[in-house]
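Below are structures written as C-alpha cells.
Same chain, two partners: chain A is paired with chain B first, then with chain C.
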Partner chain A sequence: MSSISTHAGDHGQDGHGHAHEAPHIAARAKLDMDAVTPGSGMKTAGAGLMFMGIVGIVVVAVGGFSGGLVGKQALASYHMGFLYALGIALGALGLQMILQQFNAGWGAAVRRTAESTASMMWVVLLLFLPILILELFVTKGMLFKWMDPAYTAGDIIYTKKMAWLDPQFWAIRAAIYFFIWIALGSVLYRLSRKQDENGDRWITAKQRWISSFGLLLFALSTAFASFDWLMSLDYHWFSTMFGVYFFAGSVLSSLAVMIVVMCSLRASGKYGAAFTKEHQHDLGKLMFAFTVFWAYVTFCQYFLIWYSNIPEETAFYNLRKDGGYMPIFVALCLGHFLIPFVILLVRDVKRNPHLLRLVALWILVMHAADLVFMVRPIVKDAKPGVNLWLDIAGILGPALFFIGAAVWKMSRGPIIPIKDPRLHEVLGHKNYV
Partner chain B sequence: MSAIHPDEINAGRLSGALPLDRPQPIDERTGDGTLIDDPAVRAPLVLNNRSFHDITNTVCGYVEQKPGGWWYILLFLAANIAGLGTLMIVYLLVTGVGVWGLNNRVDWAWDITNFVFWIGIGHAGTLISAILCLLKQKWRTSINRAAEAMTIFAVICAGTFPGIHVGRMWFIWMVFPIPNSNAIWPNFKSPLLWDVFAVSTYFTVSALFWFMGMIPDLATLRDRAVLRMQASKDGPTVLPFLSLRVDQLRAWIYGFLALGWRFSSRHWLHYEKAYLLLAGVSTPLVLSVHSIVSFDFATSVLPGWHTTIFPPYFVAGAIFGGFAMVLLLMIPARELYPNMKDFITLRHMENMAKILLVTGSMVGFAYAMEFFIAWYSANQYEADVFIWNRVTPDWLHPRGAPYWWAYWAMIFCNVVTPQLFWFRKFRTSPLWIFVVCAFVTVGMWFERFVIIVTSLHRAFLPAQWGMFFPSIVDIMTFVGTCGIFMFLFLLFLKFLPAFAMSEIKNVTPQASPHDHH
Partner chain C sequence: MARKQSKIFKTPTGETVYGMMAEFATPADVYHAAEKFRDAGFKNWDLYAPFPIHGIDEAMGLKTSRVPLLTGLIGLGGAGVGFAFQYWVSVYGYATVVQGKPLGAWQAFVPVTFEIGVLFTAFTALISMLAFNTLPMWYHPLFKKSRFLRVSDDRFVICVESRDPNFDPAKTRQMFESAKGYNIDLVEE
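Moving on, here comes the complex of A and B:
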C-alpha cells in the first residue's frame, strides 16, 4: 500500500517549528493511494448506467417516431431528461467554483466528483442537439410554441418579445451558454488533473481566479438558459425569480448525485481518510441547506404570484391546477421540502452513508417531479399519468446516460485531487459540534 | 538583552510606546503579513503573536482606559444630532405627518426608505455571527461582536420609522394582535403585520445572540475589576467626593450582566451548545426579515413593486449594505484604537471587500433580471416603470421621468463602484474600501428610494402623477437616526468588549497546538 504523507510543512504565524511533534500528531491521517484509485467496478458502473440511459433514450425515440400526441409527449419527456442532466452538470460546475471561492479546506474531498461531472458538459450538449435540430428544422415549435409562426400569428404579446424569442438567436444563445460551460468545466478539470501530476500548488490559485469571473458568467448564463429552455415553454409567462429557482434545483440535484456516488464509493471501501463520515456530514448539511434554499425560492415565487393574483402570472399555475397536476404540487411541498427537511435535521442520517444515499435518491426523484411539474403540463392533451412509461424513459434516459458518463469520467483518475495543497485539512477534517 | 521585565515590554507594546516585537520579517507583498496568496498557507487571523493575555489586555483596555479625545468629540456630535432627530420626532408627533413631504400620490417616501435602509444594515451582524459561524469561517471572530452591536442599533433606528409614520403614534399598539374592547384585530393577511413579527423576532433573537456571546467577556471585565480592587486599596472613584470606586461599579454592573459566569468547563459546554443553537435559529431569520420586508412591496400589484425576485434580491442587498456599514465603522476604529490592527487585519478587510463584490454583483444581477423581464413580459406598465420612469431622464425624452438621477446614482454606487474590488489593490486598501463603502451606503439608500418613490410617483393615469420633495423635518429625522446610531455605537465601543475575546483566542495558533491552523 503506498502512502503519501500530507504534512504540509511548517507555516502559519507561530514561527516556532513542529520538529518535535508528539507521536499522535505524526500519526495523523494519511492519504491511502489505493483507496482513492478507482477500481474497475466504477468503470463498469458508469458503462452500465450509460447503457441504461441509452435504453431509455431509445424507448423515448421510438415513442417520438410514432408521431401524433405520443410523439409530442415523447419530445417533452426527453426535454425533461435533458434538463435533468443539465441541472446536474450545471450544479456541479457552480458548486466547485463556489468551493474554490470560499477557500474551503474540506472542499477538496468532494471537488473531484464535481469536476468530473462538470467536465462532461459536452455530453449535455450532445443530449441537447436532438431538441435543437428537431425544433429548428423538423417539429418546428412542437415544444417551443413560439417557434411556430402559424401559432403566434396575431399574438401581440409574442410580437413584443420577438427580438428575444427568435429561433436563430435562441440557437446562438444556446451555443454561447454551452461554450461558457464547456470551457469552464474542462479548464477547471484539466487544471485539477495537472495538479495531480505535478503537485503545483499555484494551480489552486489559478482555479480560484478562474472561478471568480467564472461564477459571474455562470450566474448570467444559467439564468438566461433557464428562461430560454424552461420559462419560454410558456412564452407568455415570466418571473424574475426563475433563474434563481432553476439554479437552486440544479445545485440540489447535483449534490444529491454527488452524495449517491460518493456514499456508494465509501460504502465499497473507497476514499479512506479522504472522505469520512465527517466530510459526508458536511455534504449532507449542504444538501439540507439547498433543500431549504430551493423551498425558499420556490415558495416566494409561488406565493408572490398567488397573493398578487395577476391573471397573466397566475396563468402558469392555473394551467397546472386545471391540468390535474395538483397531486404533484402537493407532493413537491411535502416531498421536495418538508420530508427531507425533517429527515436531514437528524445528525445520524447525515453521517450514515446508506441513509444519506437514500435521502439523496429521494431528492432526485422529487427533482424529477419538479421538472414534470414545470414541463409536462405544456402537453395539454396528454393528461398526467398517460403513457407514464414515456415520461419515465424520457427522464431516466438522458439523466442516467449523463450520470453514467460522469461516473466513467471519474473512474479515469484519482477520485480526489491527490496533490491539493489543502489535502492535510481534508484528511484531518472533523465536525467538532 | 535588556533588564525590562517582560510584562513591561508587553504593556509598552500594547500602549504603542514600544516597537512591536516581530520574530520574522514580513514579506512586503503580503501587506501586514496576512495577504497570502499561497493556497497551501492559511493566513494568520491574529497578528504579532498575541498571547491570550495580550488579547485580554488589549480588548479590556479599550473599555478600562480613557478613550481618546476623538471619542468625546464624536460622542458630543452624535449626541447632538441624535437629540435633533428626537426633537424632529417629537415635532412630528405633536403636529402630524404633514410636517413630512408626503402627499396623496407619494404616501410612502423617506420614512419607509429609511426603515428599509436601516433594517438592511442590520443584516450583516447576524449573518456574520450565525451564517459564517455555521460555515466555519474563523475570520468572523474579529468582527462579529461589533457587527452584532451595529445590527441591534440599526434595527432600533429602523423600528422608529414604522412607529412614527402612522401619524397617531398612540395607536401603534394596534399593530400587535391584542384584542381590544372593540374586538379589532390587525389584518393577518397583510405583509405589514408580518413585518411587525419579523422585525421584532429578529431584534429579540439578535439581541439575545449578542448578549449571550458577551457573557464570558463581561465576566472577564468583572473579574479584572475585582482583582484590581483586591490588589490595591485605592483607585479612581466615580466622583471626586464619593468613595465609590469605579472598579466597584464595574464589578457590580459587569457582574450583574455576566449572570454568574464562572468560566467552568460546564459553563463553556452549555455556552457552545447554546451558541450553535442560536446560530441555527438565527440563520433563517437573516433571510426571513428582509424577505418579509420585500413582501411589503412585492405582494402588491404595483409595477416596480411586484416582482418575484424581490425576496432574495432584498436579502442580498441587505447583506451588501450591512457589510458596507461594518467596514465604515471598523476602518476608522482600527486606525484610532491602538493594536486593533492585530485583530482586524488586511485579510479581514479583503474578505469583507470580496463579500461586497459578491453581494453587489448579486444586486446587479437582480437589477438586470428586473429590467430584462420588464421588457420580456411585454407588459406595458412594467416597461413604463423601468424604461421610462427610472432610466430615461425627462430632459432626454418627453416620456422620461424626473427621478432618473436616483436610479443612476443607485446603479453607479451599487453595481459600478464595488467592481473595483476585482482588483487586489483596491480591496486591500482600507482607504479605498472606505470610499467604496461610503458609495455603497449611499447607493443602498437610493435603491430603496428608487423602489418606493419612483414606483409611486407615476400612477396609471397622468392625473395621478406627483412628486415628492423632502421637508427639512424629513431630512433631519433621517440625519437624527444616524446620530442615534453613532451615539449607541460609540457607547458600545467604550463600555462593552468590542471583540469576542474568547472566540479570538480560539483561532490563535496556541489554541490548537496540535494543528497547523
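Moving on, here comes the complex of A and C:
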C-alpha cells in the first residue's frame, strides 16, 4: 500500500508539520501469537483425513486386485485421485511463487498454507509410484495404451510419436517433473520456516529469486506432465491448450482447498487479525478469477475443435459423447462455470466464510467431475456410473490422503509466516472496493 | 435548485445559505471530522479531497453503492439479449447454414454473447456511476469559493448543507472548530 507514505507525507509545506498517521494505520491490529499457533485439533484433523484417504486407497486396491474390468477401472479411478492430489499440490506451488513474484503484501497471510501443501509434493510422488510401477512392469499399457507394443503395432500415428511416447523416457520425464516440484516446494518451505526463526529479510529476496525461474520451470513441467499423464491417455489426440487447461483446474482446486482449510481454521478461532474476511475476500476473488479462466480455456479448446471439425481432433469429444458422458459435460458447463460465476460475483458471498467455504466445496466436487470427464472415458467397457463406488473411492482416497498430509504438515509450525517483512501489510489489509 | 427545506438560512447580506464549509490540513483530521458528522447523524454533507482516502467511505457512513448490483444484472441481461438476438437471426431472421453447422448452434454464439455482456457491463458501470453521483454537474455553490480550489491540491474540505435537518449555523461551526477545521465559512446558494 503505497498510500501509507502519501498519507503521512503531506506535512512541511502548510505549517501543519506535526507527525501523524492516517487513522486506519493507527488502528492496525497486532499479531496474536496464540492465534497463529496450531492447536492439537489440526493434527487430529490431518490424521483423520489421511486415514479416510487410506481407506479409499485400500478400497481401490481391493478393486484393482480383483482384476478384469473392475481392475482396469480401478487403475483409471486411482489415476483420477492421483491427478486430483497432484493438482492441489501443483496449484499451491504455483500460487505461492506467483505471490512471491508479485511481492503480494496480503498474500503473506495465505502463503503458509500453500507452502505447507506444496512441501508435501513427495506424498504425491508416493501416490504416483503405484501407477508408474504397474504401468511399466505389471499391467503394461492398461491405462496408457501406447505402452502396449501389441496394441500399437502398425499404428502410423504412434510411430510418428514414438520418440516422445517411450515408456522409459516417460518414466525419466516423470522423475524430472517430480524433482523440480519437490525441490521447489521443500526449498521454499524451508526458507520460510527459517525466516520464522531468525526474521532475516533477505530470505524473502531469496524466495523471490527462486520463484522467478521456479515459475518458468513450474509452467513447463506442469504442461508437459499434463501431456504425459492426461493427454497421452488418448495418444492419437492432441491439444495445444491442454497444459493450460490442466493448470487452470489445478490452481482452482488448490485455491478451493486453501479456502476450506483457512475458513475452517478461522471458524475455530485461529488467525486473529492475520487472516480476516479481507484476506478471505481476496482468496474468493482469485477463485472467481480462476473459475472464469478455467471456463475460458476449456471453452477455447472445445470451440476450436468444434468449429474446424477435423476427425483427429474431434475424437476426444466424440469418445465422451458416444460413451454417455454428455450429462457430465452439461454439468461442467453449469456447475463448474455458470453457477459459481454468478454466485462469486456477489461481494457478500466472498466475504462470508460459511458461504465461500460452501462454494469452494462445490468447486472441489466439480473439479472431480472435470477429472472424470478427462480420464474415465478411456475405460470404454465400463459406462459412466458403473461401479461408481470405485470412482468415488479412487478420487477420494488419494485426494483426502494428500489434503490430510498437507493439513498435518501445516500443524507443525505457525500457520502464517510470522516474521515475513510484509506482515504489517497483512495485518492492516483491507479491501476498499 | 428547488428542494424541500424546513428552514431557510440567510447570510448577513441576505443571500440564501447553501451550507457551511471548513478546511482541514491533513487526511487524518478530515477523517476524524467525518466520523463526528457521521455519528451526529448528518445526511446531507460531503467531503472533498485531492486524492482517495482509504476507508473514508466508512468514516462518512456511506452505504454500499448500488452500481455493482445494477451492473451485474444489466450485464447478465445484456448477455442474454445478445444470445437471444443471435439465435433469432440465425434460426428465424436470416436462417443460413454456415460450415454445415446446425442453425441454432450455441457454441458459435458464445464469443459474441460474452462480448455483448462485457459491453453492457461497461456502459452500465460508467453511466450508473455518473448518474448516482449526479454527474455531470455544471454548477455547484462551492465553486464560488476561491479557497475551495485548493481541494484539488493540498486541502481537505467538508461542506454541510443547510437542508440537513441537523444543520444549525452556530452549532455546525462549533463542530467544525472542535474537529480541527479552520477557515470555516458559509457558502451561498
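The rule we apply is simple: the second predicted complex is superposed on the first by the 406 of 433 C-alpha atoms of A that agree within 3 Å, B and C clash if a C-alpha of one lies under 4 Å from a C-alpha of the other, contacts with A are read in each partner's own complex, and residues count from 1 in each chain.
To be clear about the criterion, a residue touches a chain if its C-beta (ideal position, glycine included) is under 8 Å from a C-beta of that chain, and two chains touch if they have at least 3 such contacts.
Here the structure is a predicted model, which is why all the values come from computation and not from measurement.
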Which of the two, chain B or chain C, is in touch with more residues of chain A?
-> B
Where does A:K430 make contact in the superposed view: on chain B (first), on chain C (second), on both, or on neither?
-> second
Of the partners chain B and chain C, which touch A:V342 in the superposed model: first, second, both, neither?
-> second
Would you sort A:L388 into first (chain B), second (chain C), both or neither based on which partner it touches?
-> neither
Go through the superposed model and pick first if A:Y307 touches only chain B, second if only chain C, both, or neither.
-> both
Could you say whether A:R422 touches chain B, chain C, both of them, or neither, answering first, second, both or neither?
-> first
In the overlay, answer first, second, both or neither for which of chain B and chain C A:V244 touches.
-> first
Classify the contacts of A:I133 with the two partner chains as first (chain B alone), second (chain C alone), both, or neither.
-> neither
Across the two complexes, what residues of chain A are contacted by chain B and by chain C?
-> 10-11, 13-14, 22, 24, 307, 309
Mind pulling up the chain A residues that touch chain C in the complex?
-> 1, 3, 6-7, 10-11, 13-14, 16, 20-24, 299, 302-303, 306-307, 309, 342, 345-347, 430, 432
Where on chain A does chain B make contact in their complex?
-> 8-15, 18, 22, 24-25, 102-103, 156-157, 160-161, 164, 201-202, 204-205, 208, 212-213, 216, 219-220, 223, 227, 238-244, 292, 296-297, 300-301, 304-305, 307-310, 312, 421-422, 424-425, 428, 433
Residue ranges of chain B touching chain A (in the complex, touch as defined) = 23-24, 33, 37-42, 44, 46-47, 49, 135, 272, 276, 284, 287, 291, 295, 298-301, 306-312, 361, 365-366, 368-370, 373, 375-379, 422, 509-510, 514-517
Spell out the part of chain C that touches chain A in their complex, as residue ranges.
-> 25-28, 31-32, 51-55, 57, 59, 64, 68, 72, 76, 99-100, 107-108, 110-111, 154
